[in-house]
Amino acid sequence: MSKAPGFIRKDDAVVLMLDHQAGLFSLVRDFQPDEFRNNVLALAATAKYFGLPTILATSMDEGPNGPLLPALKEVVPDAPVIRRPGEINAWDNPEFLKALKATGRKQIIVAGIVTDVCVAMPTLSALSEGYEVFVVVDASGTFSPVARDSAHVRMANAGAQLINWFAVACELQRDWRNGMEGLAALFAKHIPDYGNLISSLNRK
Amino acid sequence: MSKAPGFIRKDDAVVLMLDHQAGLFSLVRDFQPDEFRNNVLALAATAKYFGLPTILATSMDEGPNGPLLPALKEVVPDAPVIRRPGEINAWDNPEFLKALKATGRKQIIVAGIVTDVCVAMPTLSALSEGYEVFVVVDASGTFSPVARDSAHVRMANAGAQLINWFAVACELQRDWRNGMEGLAALFAKHIPDYGNLISSLNRK
Amino acid sequence: MSKAPGFIRKDDAVVLMLDHQAGLFSLVRDFQPDEFRNNVLALAATAKYFGLPTILATSMDEGPNGPLLPALKEVVPDAPVIRRPGEINAWDNPEFLKALKATGRKQIIVAGIVTDVCVAMPTLSALSEGYEVFVVVDASGTFSPVARDSAHVRMANAGAQLINWFAVACELQRDWRNGMEGLAALFAKHIPDYGNLISSLNRK
Amino acid sequence: MSKAPGFIRKDDAVVLMLDHQAGLFSLVRDFQPDEFRNNVLALAATAKYFGLPTILATSMDEGPNGPLLPALKEVVPDAPVIRRPGEINAWDNPEFLKALKATGRKQIIVAGIVTDVCVAMPTLSALSEGYEVFVVVDASGTFSPVARDSAHVRMANAGAQLINWFAVACELQRDWRNGMEGLAALFAKHIPDYGNLISSLNRK
Amino acid sequence: MSKAPGFIRKDDAVVLMLDHQAGLFSLVRDFQPDEFRNNVLALAATAKYFGLPTILATSMDEGPNGPLLPALKEVVPDAPVIRRPGEINAWDNPEFLKALKATGRKQIIVAGIVTDVCVAMPTLSALSEGYEVFVVVDASGTFSPVARDSAHVRMANAGAQLINWFAVACELQRDWRNGMEGLAALFAKHIPDYGNLISSLNRK
Amino acid sequence: MSKAPGFIRKDDAVVLMLDHQAGLFSLVRDFQPDEFRNNVLALAATAKYFGLPTILATSMDEGPNGPLLPALKEVVPDAPVIRRPGEINAWDNPEFLKALKATGRKQIIVAGIVTDVCVAMPTLSALSEGYEVFVVVDASGTFSPVARDSAHVRMANAGAQLINWFAVACELQRDWRNGMEGLAALFAKHIPDYGNLISSLNRK
Amino acid sequence: MSKAPGFIRKDDAVVLMLDHQAGLFSLVRDFQPDEFRNNVLALAATAKYFGLPTILATSMDEGPNGPLLPALKEVVPDAPVIRRPGEINAWDNPEFLKALKATGRKQIIVAGIVTDVCVAMPTLSALSEGYEVFVVVDASGTFSPVARDSAHVRMANAGAQLINWFAVACELQRDWRNGMEGLAALFAKHIPDYGNLISSLNRK
Amino acid sequence: MSKAPGFIRKDDAVVLMLDHQAGLFSLVRDFQPDEFRNNVLALAATAKYFGLPTILATSMDEGPNGPLLPALKEVVPDAPVIRRPGEINAWDNPEFLKALKATGRKQIIVAGIVTDVCVAMPTLSALSEGYEVFVVVDASGTFSPVARDSAHVRMANAGAQLINWFAVACELQRDWRNGMEGLAALFAKHIPDYGNLISSLNRK
């Protein structure tokens, strides 16, 4: 356990956003709703900004789980949406797996609802096949802090790295001189405190 | 104390949004930042939707308090902004008071940063002059829950009514048959759970 | 304020359960979901047990607010359900008001979703017409503790009494010798700790 | 409301400890159990130390409510225990009322389980008959903070004063020169931090 | 630690529910009572639904620990109940061990009261004998979050996987096309938010 | 209760800081220690800055209560320290009362340890003699939030106004043009977020 | 990490209680004071009941750290008290180490104030010398939950097992038939809920 | 994982304080502001007291991140400040790395804002190059407890040790006889409770 894990590599990472569906959001009780919606959209905006391949998925979206969050689709309109007819673990869906493998990437950045199922199952599957997995904890939600923490432990002990969306963005950026305007705008939009710092700075 | 206070009357209410400035937001520690920014913008959107006269104000906005939140100004672009050169209590500023009195309205809906000063002082002043005051508790922020609760007690005991932005909107609407689309869109934007209910309903 | 308010009188009380609708439940963030559903059903069971006239209501139940909670209807199958076509304040609905006044009762026990609107508005209306109002705080839910507490202050300062469903039941019962089995069973079902006490006692 | 209420008077106060029964303790969820038991015993020890007349009561102590907390009885062995056969409001029990009135005292210090029923009902009854009532909030417990807070508002708005056991003791003592050893020992036993201060002071 | 642990396999898993006894429930302070009882019954209903062999156990159920929760027994009426005469670690009880080994299964799904003893001890014993162990964190309760978290760390570091009852159900189901009605009904009953989604969907 | 209470008047206010003693600080459990010490010193610095007469007091400071907080004395070195030999209520100490009355002021700003005794008793005494009392809630500490809230209710219902130290400072200042440098420095020192705003502004 | 750690063995365990000193208790902010004192005394009572060798220690007990908690010494009057003249890590004190090694035991059960220093340092030292270490998390206290959790991670990752005092007692007992009365009395005294269960059971 | 990690060695440790900038402080929401500023300054004072080489760094300090906290620079005026023009990971900045390597030290004590980026990235980089890393959790801040905890898990699982500033100081001191006055003064300044213990001890 003394070997530091690698950082996210911009050319080897793919983003999976699983089951951020209108109905399932009502199950999420480990985040305040404004905060959680913001985190989900921020992760998508990050994927978009850095041009990472991004795959969306839904589970039985004609039933109670509800349709994909429209605002999420608007952020990444070109991302494919895999509509699973029944598989709970996205990894069990051949179309999903094919789309993922077509990217040729080995680092998975994943978020979803609910953390302990829709995130945990593909995470464990991916790890067992040799992928590096980064679980975006603040864009993943579930029933309670207890359920969340236990899923975190399970995934981390299996080799996943826990991370938040802001750290994802920063690891992809690496250096502010790689282009500042776009990322600063993204941060200003999704981090109120950061937007306020920019407003104060720019007032004159 | 057995007489029920009146509801907000659409033709007698004016909205005061005091000192929602970029710097002052960093002092607000009794709300999660996404939630608080959302509440502030939702109150402004409510004022706009119902066509209530709205007055914005800032306190020394060239100093550390910072400029008015740009996103707030964008929601109510026609609202006057009273830039106070020093008065802590907006009521002490003649220009502000003139703008308020010019509306001819006797019900004040007020929010601001910080609750215990920029909201509490004008609230107490207005009450002493016979206004009805509705303090919008979730669009007002301050240093801690203890400071907030104490300001609430002080204002309520002086006769103010404590209310949240959603209740303001509902009291102004009174009946959904008065026009549904616009308000539903406003709620969908500012209440994630409500937006999700609408998305699920409309999928077919 | 030195005169003690009266207790709930079994022959003068009516129960109003407002807008406990499937969609609106997803807005409730000031209670854990199991706890809240239990409290709502417990209040209905209490009304049923003591034979209090009970009126249910919904607001636009074909829209996002959703249908009345089926389990609630099952507890009080004979209670009328007033389906409001648009009025946010149930008091503004003539059919509702007529049903209420037909009971001839002057003590209102009220709960609903959300506390700050669907409960607060009829509470203020009823108080202004001279009713005694008991707001059942744990069978009423809303967006946040801040919104809840402010609505409580507003209603209490207008003269309402804040109470929980267990206290409603106890005030109606007054004396355990008035019939123990039924109420004990009701408590055992809706208060796990109480049920456990009974199980331990009865084991032999 | 501008007249300051009187302090507790040593020669006019009586202590009522209602339904601190082994079974009912398991319903108390608004305090950590060690803290709550300590508070209950501390209030009894205070009553004993200052020689206040003290009345204990139980409600159906052969049923699930369970027997009186033995440790409480040990602290005030001479206090009468009124075993109510069914009355939920102790005030409805003639024997209890007789014992209370026999003391001739007009200031009631009351605590019990649960706050919203066993404390609230006699408090409201006593206030309506002109007694001064001091509700000991930290020796009274109930199902949740929401239930507690609502009961506090109800009682306070009816004229009761909310107080904690330590403040009861200090108001009875008034001046440390009235005898220090006994009270210091009581505080050392029931307030760990205070005991530690004394231990540190006395080490040499 | 880079090898992903296996999922629960329907034909290799057995469910152990240890010491969910009426008296012991009163010790559980890391969950709200309605939530906890619901979680316990939901786990049992899941075991029942998927036809997993299930073993119940009690510890000295004639003493203060109290009888087995009757509602639990009702959910899985055919499950054997091992009444331990004294062994704190169920693994030390020959009858229990025999019943377990008779199932021939190597994946243990375990929950109980209290987490740090009645769950932790058999978990450690089972791990040392080569079983896979899944600890159901939300159907296991104890004195405090600190005690719970420490027991979680201890068990996870020994190789156990932490999981919640909903994830157990989903891992057993794997695909919604394996039969939807029964599981949806189970979720509707034990997850209020999920029940509400279904009610809204089905209203027409 | 519809008359707004007056603001703090700079020429009619006196500050009482009661029993901020080294030993008593260890009893304060309703604030994080750094935050609480900072609030206490900030209130003293405010009194000093505006030149308000200030009276310090201790209770039996040779015993476990400990000596006056040295840092507090350093902020207001000229303030008299009344060392009470036994009176728990500072109002009962003739020397203290004489010092207070010598100021000729009728508005009392008070803070102390513990809120429910050392603050509450003089507050009630002062109110009964016609003083206006402003209780500084964040420079007063006690055993628990429950004890604090109850003392707040008791004092507020007797006519006291609850306020925090920052609002005290702002009401005394009224207008930033009355002198900015000193107060800004005071805020920068005692409000980290405000200091940071100033640092950012002044960097160029 | 798949090998289950051993349980505590009655004949191979020694209890170390480090720096439970009157002054240091005031630093403990991650537990409510009544709860924490109770946990400390309960651990000592457990050591006593099972006859485990027990070593107490203090650090500079003539200075601000203060004397050993007298109530702790009373529970285990025969335990040696090693008064360290300066060593922060008890393991650095030859007398302490000698006393420990004289017991010949290889399983260390340790608690102290503060968790991150007085417990963590000897824990790490003992682990590096091949001892098994059980850290009693609820009889160890420190400045904040963050400090505590970090120390737990550090110790657990070095090989320590985290445990609470109740689990220590149960692992030592193993079977209730090894003698019930004494342990039941110990639990009744230190676990209010357990005491209440016994009282209810024994009432007849 | 059974080998105890080494303690901090005074002659092999270097302190890195990263991006404690006025603007970035406003992003920190996992600590109360007074507490956090105090922790940051306390760590710097500890570095200073023990004469550890200390390196400060900023990231784009002319932009919204703001200038280095002036009070921090005052504590360690001789520490170099590496002003990074763009690199998010300080380890990517050659000047920073050169300064670090020039110390020749292999134990890194690191804190910064935000924990999940400015601390986590250099921590992972340093671990991968064979350094021992001690992450000072209470002098590092970020957006939320969830973000913090995940970063802690990520760093700890990569081999970092989590520690708080007080434990850093104690491990450096090892024995109070190595010089008591200076460290006691440092603790008195930065730990209010400890300062109070000293004040009480020294009063005579």
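A, B, C, D, E, F, G and H are the chain letters, set down in written order, and residue numbers restart from 1 in every chain.
Note that a residue touches a chain if its C-beta (ideal position, glycine included) is under 8 Å from a C-beta of that chain, and two chains touch if they have at least 3 such contacts.
Not measured: the values here are computed from a predicted model.
> Specify the chain most distant from chain B by Cα centroid.
The most distant chain relative to chain B turns out to be G.
> Tell me the angle, as a multiple of 5 degrees, of the rotation that maps chain B onto chain C over the C-alpha atoms.
90
> Need the CA-centroid distance for the pair chain F / chain H, whole Å please.
Comparing mean C-alpha positions, chain H is 34 Å from chain F.
> If you average the CA atoms of chain D and of chain H, how many Å lie between those two points?
Computed from C-alpha means, the inter-chain centre distance equals 49 Å.
> Which residues of chain C are in contact with two or more other chains?
1, 23, 26, 32-33, 66, 144, 191, 193, 196-197, 200-201
> Contact residues on chain H for chain A in the complex?
1, 23, 26-27, 59-60, 63-66, 85-89, 92, 114, 116-117, 120-121, 124-128, 143-144, 146-147, 149-151, 153-154, 157-159
> Spell out the residues on chain F that touch chain H in their complex, using ranges where they run on.
Going by the criterion above, the answer is residues 22-23, 25-26, 32-38, 61-62, 66-67, 69-71, 191-193, 195-197, 199-200, 203.
> Over in the complex, which chain A residues touch chain H? Could you list them?
Spelled out, the residues of chain A in touch with chain H are 1-5, 7, 31, 137-138, 152, 156, 161-164, 166-167, 170-171, 173-178, 184, 191, 193-194, 196-198, 200-201.
> Residue numbers of chain D touching chain E in their complex, please.
26, 29, 32-33, 144
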